[in-house]
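Could you have a look at this structure, given as structure tokens, before my questions?
Order of writing sets the chain letters: A, B, C and D. Residues in each chain are counted from 1.
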Amino acid sequence: MATRTILVTGFEPFGGERVNPSALAAQALEGRLVEGRRVVAVVLPCVFGAAIEALERAVSATDPELVLCVGQAGGRGALSLERVAINVDDAPISDNAGARPIDRPIAPGGPAAYFSTLPIKAMAAAIRAGGLPAEVSQTAGTFVCNHVFYGLMRALAARPGTRGGFVHVPLLPEQAARSGGAPSLSLERIVRGLELALATALGPDVVAGRDLAATEGATA
Amino acid sequence: MATRTILVTGFEPFGGERVNPSALAAQALEGRLVEGRRVVAVVLPCVFGAAIEALERAVSATDPELVLCVGQAGGRGALSLERVAINVDDAPISDNAGARPIDRPIAPGGPAAYFSTLPIKAMAAAIRAGGLPAEVSQTAGTFVCNHVFYGLMRALAARPGTRGGFVHVPLLPEQAARSGGAPSLSLERIVRGLELALATALGPDVVAGRDLAATEGATA
Amino acid sequence: MATRTILVTGFEPFGGERVNPSALAAQALEGRLVEGRRVVAVVLPCVFGAAIEALERAVSATDPELVLCVGQAGGRGALSLERVAINVDDAPISDNAGARPIDRPIAPGGPAAYFSTLPIKAMAAAIRAGGLPAEVSQTAGTFVCNHVFYGLMRALAARPGTRGGFVHVPLLPEQAARSGGAPSLSLERIVRGLELALATALGPDVVAGRDLAATEGATA
Amino acid sequence: MATRTILVTGFEPFGGERVNPSALAAQALEGRLVEGRRVVAVVLPCVFGAAIEALERAVSATDPELVLCVGQAGGRGALSLERVAINVDDAPISDNAGARPIDRPIAPGGPAAYFSTLPIKAMAAAIRAGGLPAEVSQTAGTFVCNHVFYGLMRALAARPGTRGGFVHVPLLPEQAARSGGAPSLSLERIVRGLELALATALGPDVVAGRDLAATEGATA
């Protein structure tokens, strides 16, 4: 029987940065075996529209059991497991093709939102048990990260056998070195955290659709 | 012809506070005329389930043209116009009846989210033009505020003639006085900001369903 | 017997702002009687050197019993009672005359720092008891505010009968309206907080040199 | 000619933590050669009074050319080069012996403050050039870290040939894993950053008493 695939995506650099930890982490995971599945890594353009198209091509080409999209979140200090993707693009900065949509639906007529189908509480707990900072996040923003997360969940809605979700990761220390005092996390730790997250999502303890009963909500 | 109604709701105090600015602001608006409509104020319990039931009763009783639910957001310094309500309760603290649900759908089988049907960009701009701080927020949390916001939009989905949304307001200065350094806003300014927001949502410049084309998004 | 004087100073606007709450608050207090003393208000230029010269002239002219210098602190949500002024100018932005000194002593050969001679803990407690947010701050920065605070305490070191200190105040709501989400406090509340602070510093309960035994320190 | 010594101190864990990155980093540097000087590491108790006594004994025993005291700063994401130590203990939490002094002078009759005698701007620039986050800090707080920093500079005031200062370091990732979302930095990076800082302070480019002319101040 063929080895099943995990698709992990990152983004090319944006917003004036020279690197993007999400792409470096995805590439570092390329080819690794996690719970018997093999990771395929793809770097997406930081461009509205084109990013989802590239993601959909990768999903079709790899027929993955699980998809984890990863993006950079300057200002956050922990691996952020995103709970929900919303159906709107509202860009505070331009994407890498110069586009800056305002309040535009990602999928006109599509659902207002999709929830992650990954066990985000169990994944956060596993990352922390591995000695790395993790949190559940209630918003993935309204830029290309949320755009791709929404596009992913919409694509997977038509593929019942594939689960997926999104994780935001901190800046690398060398990026933080250029922006006084911002939190950061090393590439090796980001990679290790993603690996723990993937192993948890695929592990025998997680029945698909069930998650750890742990509160990680917010009052506002 | 009868004067149409604006329903404004606030919450009773929660989380150890003795007051809740949202209830005080709603009560201050009670009876006021805004763009020819009369405000009816209702204070909701800070209790999962019961809060939505009380809201639904108030909507039925008042048959409003517009509903604005208001809640307290400790830590925020501006009137926060919420963009989206999500279909989950994940309580970081207990509600006023002692309940603390984890990852429970508000409406099992309901949509993952509802967007506000108010012109949140135009409302934010109007509040600022009035000299008061305002922002668009991408998350209303996962506690009773988001719960009521979701319940509101679900109820209004069956009432095409009624628009609605949610605004989070800062602590009052006297609340901030008991929690070192937290941002605050005076009750009179919160009331004034809500009034500006309501006037904008009902004003001749806002065609229903259209909003100001201004970016207020977030990268993450 | 002549009424004694309280000197309250504010600053002219800086950093692109059109107003400065510290100047407006000082002017609002002009002429008021606090614990039997009369307030004299002076607005200082936001200029290294010239600000201290103007302050020294005002001290000589008014022979005050107490001096309270006030400055604007964007990003802070509470009245900040400053503990200590340090002997260095290190300007992150240009002053209103275009100067931007780096690591320059305010008084070459002078002490490294001066502590406020006002009862900052009792003043913070009194402001809070009045329902307004207050905090003790361990740094007044390294710009013109710290510069004036240091110049004040150096001048008062030669006037044993005069006590003095510095308070940072939040932005006004109308300033925060132009900088998304920043904390603010209304002018009337800033004025009321300063009045409570002055009354406490001059009140019968405060023996000169003694303060409330309340912890308001920081681990780092 | 004997190899000269660099004294690097860290602290034992405090505030409920099981480790303290400052102690681990000091111990990791023990015995290393930096610019021809040898590092001696000492772990200080997190106890008012006893910490300074242990530091003074270490200074006497090692006769160092340079002393760098290191402490943990939860909430900070960068290596923080402290500018100034102030003559006050005001403890927001108890030290490891249960003491919680309020507004007590560290050295009665001593100077209000001492400035670091290390080139903090050049050190920050060197850490950043090495791809690690660094910042200059205007306050070391009022707990045991500031206490030791003040005690150090007071001791060195009597030893003209020895320079010294203080650096705050972030939590380790495994500490941040237990406190949702706090910024962190790995031990190897903290150690590397301290090494870069020490090499800069001892390097041929730094004339004693001169520092890089770079602004790292704060408005408030």
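One rule holds in what follows: contacts are C-beta pairs under 8 Å (C-beta built on N, C-alpha and C of every residue); 3 or more make two chains touch, one makes a residue touch a chain.
All values derive from a computational prediction rather than experimental measurement.
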TODO: Trace the shortest sequence of touching chains from chain A to chain C and report its length in steps.
DONE: 2
TODO: Would you kindly tell me how far, in whole Å, the mean C-alpha position of chain D lies from that of chain C?
DONE: 30
TODO: Round to the nearest whole Å and give the separation of the Cα centres of chain B and chain D.
DONE: 47
Task: Distance from chain D to chain A - Cα centre to Cα centre, in angstrom - done: 38
Open item on the list: By the touch rule stated above, which residues of chain C touch at least two different other chains?
Closed with: 76
- [ ] Could you classify the connectivity of these chains, where an edge means two chains touch, as line, ring, star, complete or other?
- [x] ring
TODO: Sort out for me which residues of chain D touch chain C in the complex.
DONE: 15, 71-76, 80, 83-84, 86-93, 100, 102-103, 111-115, 121, 138-143, 145, 168, 211, 213-220
- [ ] Going by the contact rule at the top, pick out the chain C residues touching chain B in the complex.
- [x] 76-78, 127-135, 170, 173-174, 176-178, 180-186, 189
